[in-house]
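One structure is given below, represented as structure tokens, and several questions about it will come after.
Labels run A, B, C and D following the written order; every chain starts at residue 1.
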Amino acid sequence: MTDPIERLTSIFETFPGIGPRQAGRFVQFLLRSSSSARREMSDALISLGGSVHRCEECMRFFADTGSICGICANPRRDPSVLAVVATDADLLALERSGNFRGEYFVLGGTISLASDNTSGLHIKELLSSIPRRIDAGLAEIILALPANPEGDATAIRVHEEIAATNDIKITTLGRGLSTGSELEYADPETLKNAFENRR
Amino acid sequence: MTDPIERLTSIFETFPGIGPRQAGRFVQFLLRSSSSARREMSDALISLGGSVHRCEECMRFFADTGSICGICANPRRDPSVLAVVATDADLLALERSGNFRGEYFVLGGTISLASDNTSGLHIKELLSSIPRRIDAGLAEIILALPANPEGDATAIRVHEEIAATNDIKITTLGRGLSTGSELEYADPETLKNAFENRR
Amino acid sequence: MTDPIERLTSIFETFPGIGPRQAGRFVQFLLRSSSSARREMSDALISLGGSVHRCEECMRFFADTGSICGICANPRRDPSVLAVVATDADLLALERSGNFRGEYFVLGGTISLASDNTSGLHIKELLSSIPRRIDAGLAEIILALPANPEGDATAIRVHEEIAATNDIKITTLGRGLSTGSELEYADPETLKNAFENRR
Amino acid sequence: MTDPIERLTSIFETFPGIGPRQAGRFVQFLLRSSSSARREMSDALISLGGSVHRCEECMRFFADTGSICGICANPRRDPSVLAVVATDADLLALERSGNFRGEYFVLGGTISLASDNTSGLHIKELLSSIPRRIDAGLAEIILALPANPEGDATAIRVHEEIAATNDIKITTLGRGLSTGSELEYADPETLKNAFENRR
């Protein structure tokens, strides 16, 4: 397959959530773009490999010189609280919401319930960083994981692993009605949490 | 319009969420039903008017003799806590979830933000019942209203009205991640609540 | 179950496309209606059984005195062309569209592909009416059936049955692009028909 | 903005139908891909500019040496019939369906109803090619345009322009029930076409 239209269509078909039809439309879009726009995209792709790497502190991908990302290097972040999140996307969502000024750690996913497998998760790296973080003032670890069975299983596991060797406060995000929820359509678990967490 | 097919179609078109097409399908379905099935439905409709009335305690509709519904008449409900809900449907959703054993009061809706209008809401009936409920042991009123702007405005108004003449604990349902929520897709308000209500 | 709220909710749950939640909402809607509105609906339901019956000509349900419906009794309909449709709803859709001034015959459904079963379909009644219709001027039978496998199987069967004993023109509705179709999303069968039926 | 993550995210946000969230997910997907996969995608992008160009005959984009695409260069295509389509995607849909063995011409879009603007459409190129195509045996031009107001307006305009200087048969695709259509849900225009085009 040397036809670049077909080649690029096949590549876009491997993108998350993209089928053959949208892949074809992306290629048509690129065909209609200027050659300088395609060149810029090509350069950006190559730069991903060159300048992007994992932050040694929070494990997220970032693009910059140095081994530590802009958030972890920021001296104004609050070292007393650490949010453990599943993915880079969750970290970025929390940053966008502007509600959290502490530090982050990206686990790299959640436990698969089928396999109970933690491989691929940076649990070891998290554990080894905790003594150093406690020396720097860490007082609370927030398990900011998704409110689903995988997230819950991950929270239980990470909680156990941290508590086995550290005596630190560990919390999970509050559960209850999310914005826009109507009681009539809420699931029993959410209603239970909403009652328990009333204030 | 004396054609009963058209007449019944027009009636179904006034039902919530039903357009002409589905109204017509309902009538076709009834045409194919047995005459005893139509008779049973007709009887049930008339019975609604005869035996169904508002509970004098919680204001919901119920069908039974007496002026008080089965929930309010149940001596095993906990009189120390009262959930103020917007609609009968919300009350039934809480009952189904099995998480609440206290008593209920149905406001009959929420404040419309456009008009800030409380007409149609049973706020007066709620207020007049509170002294009697306190005598019976009431210690907490939970404003179990929808997590949207109308629900919030209603909660603020009802809170003010109750607090003006009563010195009783008033709470609202917990806000945070609802079951299934992923941080990446959560709105900033929900994330803020989830952080504040962590535990 | 003597509670009319629950009884009526159960009845609405048997309606096509209606689940427990919407059934409950219908009942709440009726509870809030006036008793005269409920009485009117109850009367219309009973009238369905009393005054509604199948037209002896076209087999559709209608509500009126006499054995023949208003369309079949209309002397201005064109007796030279007969549209054979699957359901009353299809007949009404054609009437609403205003494109057809001939006569109708309602088969009562389509052949189920699993069983190839024609029971329940009024094929015998259709066949027995054809000589009389030809005497009245019938020159063309249009098989106005849905453009799906069941409709196609029904058209083939009805065509065979008519042609076995009658020498009359039998047509089917034109196939091709329906309004709003884009070629990119059209199925191969539709594109094939669109090319063959170009004009 | 020199961060390649942000840069690439911004580029994906310009893709048709892609918002910031999915753009971010694409970049995360690419970050997790191998560097050889990113290199291959980068190469394919650059090749688009190098080897892809418009076919001089049908105006679609193709990737190959020469000035004429594989379809137009195929001596077994039928030169007696030409399908005028709106987009490359429509051409590919017709090819996939396997129903058409003639030649193609891609207009490059449809007329915008707001502006009645034909700029950007290759109408001039189409017109100038017709005498040559007639010499090669062209006997019919099929306006294979979308069945919507823009497509209809374009068909009328193109028909006028062709007919002004050529005496050739011009057809449009058949309209009627598309596969899966049920009469009950069909629009009046489609029912009208289905009756007129019955056969």
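Just so it is clear, contacts are C-beta pairs under 8 Å (C-beta built on N, C-alpha and C of every residue); 3 or more make two chains touch, one makes a residue touch a chain.
Note that the coordinates shown come from a computational prediction; the quantities given were computed from them, not determined experimentally.
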| item | value |
| --- | --- |
| Chain whose average C-alpha position is farthest from chain B's own | D |
| B-C compared against C-D, more contacting pairs | C-D |
| Mean-CA-position distance for chain C and chain A (Å) | 54 |
| Separation of chain C from chain D, taking each centre as the mean of its C-alpha atoms, in whole Å | 38 |
| Touching two or more other chains - residues of chain A | 87, 89, 92, 184 |
| In the complex with chain A, residue positions of chain D that touch it | 3-8, 11, 15-17, 22, 24-31, 35, 37-52, 61-64, 87-89, 92 |
| Chain D - residues contacting chain C, complex | 85-87, 89-90, 92-94, 96-100, 142, 144-148, 171-199 |
